[in-house]
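Chain IDs A, B, C, D, E and F follow the sequence of writing; residue 1 opens each chain.
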Amino acid sequence: MAVDALFQPVVLFFLLGSLAAFARSDLAVPEAVAKTIALYLMMSIGLRGGGEVAHSGLTGAMLIAGGCGLALSFLLPLPAFWALRTLGRLDRTNAAAVAAHYGSVSVVTFAAGSEVLRAIGMAPAGFMVAVLALMETPAVLTGLLLAKRGQGDALAARGGLLHETFFNGSVVLLVGSFIIGVIAGEKGFAPIAPVFDTLFKGMLCIFLLDMGLVAARRLMDRRALSLRTAALAIALPVANGTLGASLGVVAGLDAGSAAALAILAGSASYIAVPAVMRLALPEANPGLYLGMSLAVTFPFNLTIGIPYYAWVASQLHGMI
Amino acid sequence: MAVDALFQPVVLFFLLGSLAAFARSDLAVPEAVAKTIALYLMMSIGLRGGGEVAHSGLTGAMLIAGGCGLALSFLLPLPAFWALRTLGRLDRTNAAAVAAHYGSVSVVTFAAGSEVLRAIGMAPAGFMVAVLALMETPAVLTGLLLAKRGQGDALAARGGLLHETFFNGSVVLLVGSFIIGVIAGEKGFAPIAPVFDTLFKGMLCIFLLDMGLVAARRLMDRRALSLRTAALAIALPVANGTLGASLGVVAGLDAGSAAALAILAGSASYIAVPAVMRLALPEANPGLYLGMSLAVTFPFNLTIGIPYYAWVASQLHGMI
Amino acid sequence: MAVDALFQPVVLFFLLGSLAAFARSDLAVPEAVAKTIALYLMMSIGLRGGGEVAHSGLTGAMLIAGGCGLALSFLLPLPAFWALRTLGRLDRTNAAAVAAHYGSVSVVTFAAGSEVLRAIGMAPAGFMVAVLALMETPAVLTGLLLAKRGQGDALAARGGLLHETFFNGSVVLLVGSFIIGVIAGEKGFAPIAPVFDTLFKGMLCIFLLDMGLVAARRLMDRRALSLRTAALAIALPVANGTLGASLGVVAGLDAGSAAALAILAGSASYIAVPAVMRLALPEANPGLYLGMSLAVTFPFNLTIGIPYYAWVASQLHGMI
Amino acid sequence: MTETIIRRRVEVLADEPLIPAIERIAASAGIEHYTLLPTLGGMGHSGRWRDDQISGATAKVMFMAVTSEEGTDRLTDLLSPLLATHHLILLVSNVEVIRPQRFD
Amino acid sequence: MTETIIRRRVEVLADEPLIPAIERIAASAGIEHYTLLPTLGGMGHSGRWRDDQISGATAKVMFMAVTSEEGTDRLTDLLSPLLATHHLILLVSNVEVIRPQRFD
Amino acid sequence: MTETIIRRRVEVLADEPLIPAIERIAASAGIEHYTLLPTLGGMGHSGRWRDDQISGATAKVMFMAVTSEEGTDRLTDLLSPLLATHHLILLVSNVEVIRPQRFD
C-alpha cells in the first residue's frame, strides 16, 4: 500500500521536480501558473466537498469532526512550541511562528492524501473539506499569543491581524468554494465538473512538479535549517498525525475520516500561514518556517506520512 | 428563472470574488492567467459559433441579424452620448468615450448569457457569434466622430486609429476563431472539443471569480463614478437591451436569437474598446469608462440584465 | 492528404497568429502561459510515449530506432555546417550554432507531426518519443566541437557546458515524463489522462496560435535573415528529413516510425538548443538561429514538411 | 528646451505582504503617488529568495515614489527603525522631472 | 580600472497601448535603443491602478533609454506637451556607462 | 533626521541564461547581495527582442546590486571584456542608503 502510493504519477512528478532542482536544471514552472493551479486546487476541493455535504446533509459526525479539527488547530501549536524551544533551541518568536504552521494545515497534502485514501478504499467523508477550512486559522491565533504579539508594529495591518488571518486569499477561496458547492448541489456542479473534477489529478501532477522544484531549491538555497529543526520537521507531523488519528477514532469518525483528520493534523501550512506571519511576526525567519514546512514536512508527508496516517487510523479503528 | 440564474456557480463565483475584494482579502488571480482565459473564451465562442454556422449554412436570418447588429452598434452611441452629456453631465470627450463602450459589446456577458439562454430552452442561433464580432467595432467609429477626434495627436497610431480598432487582439481572435470554426466544421472541431467545449463553463467560473475581484477593487479604488454615472450604467443597458430585443423580434429572429441580440445591445465592452480609447482619446478618464462598464454594468447584466433581456425577448416574441 | 493537413485547426491557428502579427495586431498570449503549455506538451508526449513502451515492452525496433536517432543527431550538423559555411556564407561560430539547431529536434513539430501521422493511419510507435529525447542533445556536442569551443569563457557555466546541455529543463522534463509513463503504466496513467491525453490537441491549438505570433514578429523584427539563410532554412529540413526517412526505412522501421524519424531529422530546435547556445556561444547571433529555426523552418515543416516526410517515408517503405 | 527640476526618487524593496503597510506609511509621510515594480529574486543577509508565488510570503515588490526632499526625509525617518526587523532595503537618488509640482 | 562616462537615463512611464507610439517618438528624437520594464500598479492623480490585464488598457510599462544629453533634450521637448493629457511620467537621471559610443 | 551615505548602484542587463554566471562573477568581485528584476523587451544593436519565453534564450534580466566604489570597480573590470561579446549593458549610478555597512 505504502509502496503503491509512492509510484503514483503525482508523487513521481514531485520526485522529478526535486531531482531536476538538485541537478541544478533550469526547469521551472512559471510562478503565475503555479499560483493559479493552487487556486484551482482550492476551488476544486471546496466545490467537491460542498457538493458531498449538499448530498449527505448536516450530520452529527460533521459537527464532531469540526470540533476535533478546531481543537487540534488551537492546541497542537502548544506542544510544538515547547518542542521547538527546548529540542529545537529556537527563540520565542521563531518557535511561535513555526508552531503556527504545524497547527494549521496544508491543502495540497490533504488533496494528495484524499486521493490515496480513495484509492485504498478509505474515502473520507465530504465534510472533511469543511474541517480543513476550519483548521487553517486557529493555529495562527495560538501562534501569535505564544509570541506575545497580538498587536504588531507600525507595519502590521491596522485593524488587527485577525483580518489578514481570516481573509487570507486561500481561506476565502476554500470556504467560498465549499459554500458554492453546497448551494449548487450535484446538478449545479455537473456542467463545471469537467474542469473541477475530471482534471483534478492531472493538475495536481503539474503542481507537484513545481512543488518538487521549489522545495528542493529552498533546501539548497537556505542555510536556515539545522539538523535539529530538520528532525523536528519530521517528528512533529508524526506526533500530530498520530494524535489526530487517535482523536478521530475515539470521537467515533469512520476510518477514512479519521485518517483524513490525521493527515490534516500532521500537515503543515506553507501557503496561508507564511503570508500572515510575514506581516505579523516579521522578525521570524521565513527561511526557517518555509524550510521546515515546505522543504521537509511536505515531501515527508507526501511519501511516508500519508500512508502512515492511513495505517494508524485503520489500526486504531480496528481496535474499537 | 431569474432566481435560478443567480444561483449558477458562474454567478456565485463572481459574487465570491466581489465579496473577497470588498473584504480586502488578498485573493488574486494572476493577470497572465486571467488574460489567457479571456483569450480562451474568445477562441471557444468563435469556434463553436463557426461550427454551428458550418452546419446550418448561410441563411437569411443570419444576414438580418448581422444587419441589426451593425445598425445597433453604429447607432446606440448616439442616444447614449446625449444621455451622458445631459443627465450624466460629462464633457464631450468623456461622453463620447463612454458611449462607444455601450454601443460595443462584452464577450463574457454574451458567453454567460448564452449559457443561461441554453439552460432555459432559448438557445440562440450559432450565427449570433458572428453578430457579436460585427458589433465590436462600429461603435468605436461613432464614438470617435462624436468626440470629433478621428485624427488623434502625436501619440495616436500613425496610419489612423482604424487599424488599432479593427486589429485589436480580441477582435482578431474572435473573428479568426469563427472562421476556423467554419472551415474545420464538426469533424475538425471534434478533437479539440474537450478543450474548447467541455471545459468552457468551468473556465468561465475561474474568469468570473477574477472579474468579481477586479470589478469590486475598481469600485473601491476609483472615485470617478458619481451617482449620476452609476445610475446611467444601469439605465443604458436596460434601454439598449430593450431596444435590441424589440429590433430582433420585429426583424423576425427567433426568441433566443432576439434575446442574444438584446444581451449584445445591453452589454458594454471592457476589453476591446478601452484599449482603443486609451490611445484614441487619452484625455478621457479610464476610471470613468471602465468603472461604468466593468464595475457596474457587467455585474448588473450578469445578475439582473440577462434574465430581463430573456424575459423581454420572449414576451415580445409571444406578442407577434 | 497534404491539403487536409493544412486545414486542421492546429495549423489554422498558427496561420491566424501569423496573420495577426503581420497585421500588427496587439494580440498576444501571455509568456507565462505559453511557457507552461510548452511544459505541458512535453509532459504529455513523454507520459504517452512511456505508457506505450510500458505496454509493448523493450523491442529490437526500439534499439534500432534509438541508434538511428543518435547517429542522425550526432552527424546531421556536419553537412549542415558545411552548407552554412559555403552556401550561407556564415562565420564558423554562427554556422556551428545553427548546425546544432538543425541536428537537434523540435518537440512541437514532432507533436503536430504525430497527430497528422495518426490521422492518416501511419501512427508511429510509442518509443519514438524516446528517440525524440535521445536526439535533443548530441547535436549540441557536435556543434560545440565544430565551433572549437568546448571550454567557454568566463561567463560560461563552470563545470562545463555538458551539464547545461543534459540538464536543460525541456530535456529533463521530457525524459522524466517518459520514465514516469513507463513506471505508471496504463493503470497509473488513466486518472491523469483527462489532462495529458484528452486536452492535448486543444492545448496545441493555443500554443500554435502563440507560435504564429512569435514566429511572424520575429520575422518582422529581425534583419538577421538573408535570402541565403532563409533558403537554407528550407533546404536543410528537406535534406535532413529525406535522409531520416531513408535511414528509418533501410533500418527496417515501419512506415509510421520512419516518417516520425524523418520529422525529427527535418525539425530544428527552438527551445532547448537556443538556451544552451546563448551560454556556450554567446557571440553567435540569436536573431539568426532563432530566425531560421522558429520563423522559417517551423512554419515550413508544419505546413509542407510534415506531409512531405510522411509521403517520402511511405513511398520508400513501399519500395522495399 | 524644457526645464527640469531635481526631485528625489525613493525606492523601498519589501515583502509583498508588507506593501499595503508601506503605502499607508508613505501616505502618512505625505507621499500619495507611487509606482510598484515587480522583482524576480535576489540574495541578501537572510539568504537567496525567488518569487515562487506558491507562498507569496517571500516575493518582494519595489515601491518607488518621486517626491520632495522633505517627503523623502519624513519617509526615511518613519521607515528606518523598521529596516532591520522587516528586511527592507531603502534607496534614495536624484532624479530630474518636468512639471515639478506633481512630485511634491 | 575601466573608465566610465556619464550619460542620461530617461524613463517614461506610460500606458501599455501607448508604448509603440513612445517608441516612434523616441526614434524621431534619435533614440533607437531602449529597454521596456514591467510594473505592477500605482497611485497617481488619476487614482489607483493595477495591472489587471483583463483590459490591458490600464497596465503601464516603463520605457527606459540611456542616451546623450542632446537625445534627452529632444525627447523631453517632444514628450512634454503630452505629459498632462496622456498621464505620462518622465524621469531623467545621470548614469555612468562604459563603451559610451553605444549610448549616443 | 536619519543620515544617508552614498553607495553605487550597479545594473547589468543580461540574457537570462547568463544570470547564474553574472552572480558568480559578482561574488568573485565581493558583491554577495543583489536583486533581480524582470524586463519585457527592448531594442539594441542586435535588434528588437521580446520576452516570448518559448525559447527563454532571448529573455533578459536586470541584475542590480548596491555596493561600494571598490566593489563596483572590481565588477566593472571583470565584466568589461565581456560586454561586447555577450551583449551586456552595464550601468552605474549613485544612490543614498542608510545602514551603509549593509552595502559594502
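Here, a residue touches a chain if its C-beta (ideal position, glycine included) is under 8 Å from a C-beta of that chain, and two chains touch if they have at least 3 such contacts.
From a predicted model like this one, the values you see are computed outputs, not experimental measurements.
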Legend entry - Chain labels contacting chain C and also chain E: B, F
Legend entry - Taking each chain's C-alpha mean as its centre, the one farthest from chain C: D
Inset, instruction - Name the chain whose C-alpha centroid is most distant from the C-alpha centroid of chain F. - result: B
Inset, instruction - Could you tell me the distance, in whole angstrom, between the mean C-alpha positions of chain C and chain F? - result: 34
Legend entry - CA centroid of chain A to CA centroid of chain E, Å: 45
Legend entry - Centre-to-centre distance between chain F and chain D (centres being mean Cα positions), rounded to whole Å: 19
Inset, instruction - State, to the nearest whole Å, the distance from the C-alpha centre of chain B to the C-alpha centre of chain C. - result: 40
Inset, instruction - Would you give the residues of chain C that are in contact with at least 2 other chains, written as numbers and ranges? - result: 26, 30-33, 35, 164, 199, 275
Legend entry - Two or more partner chains touched - positions in chain F: 17, 37-38, 53, 56, 93-94
Legend entry - In the complex, chain F residues that touch chain E: 13, 37-45, 60, 62, 73, 76-77, 80, 83-84, 89-94
Inset, instruction - Over in the complex, which chain B residues touch chain E? Could you list them? - result: 31-32, 34-35, 38, 153-158, 164, 210-211, 214, 217, 221-224, 270-271, 274-279, 282-283, 285-287, 290, 294
Legend entry - Interfacial residue positions of chain A with respect to chain B in the complex: 30-33, 35-36, 39-40, 43, 47, 163-164, 167-170, 172-173, 176-177, 180, 183-184, 188-189, 191-196, 199, 275
Inset, instruction - Could you please specify the touching residues of chain E with respect to chain F in the complex? - result: 1-2, 4, 9, 23, 32-38, 61, 66, 93-99, 102
Inset, instruction - Provide the residue numbers of chain F that touch chain C in the complex, in ascending order. - result: 15, 17-18, 20-22, 24-25, 46-59, 78, 81-82, 85-87
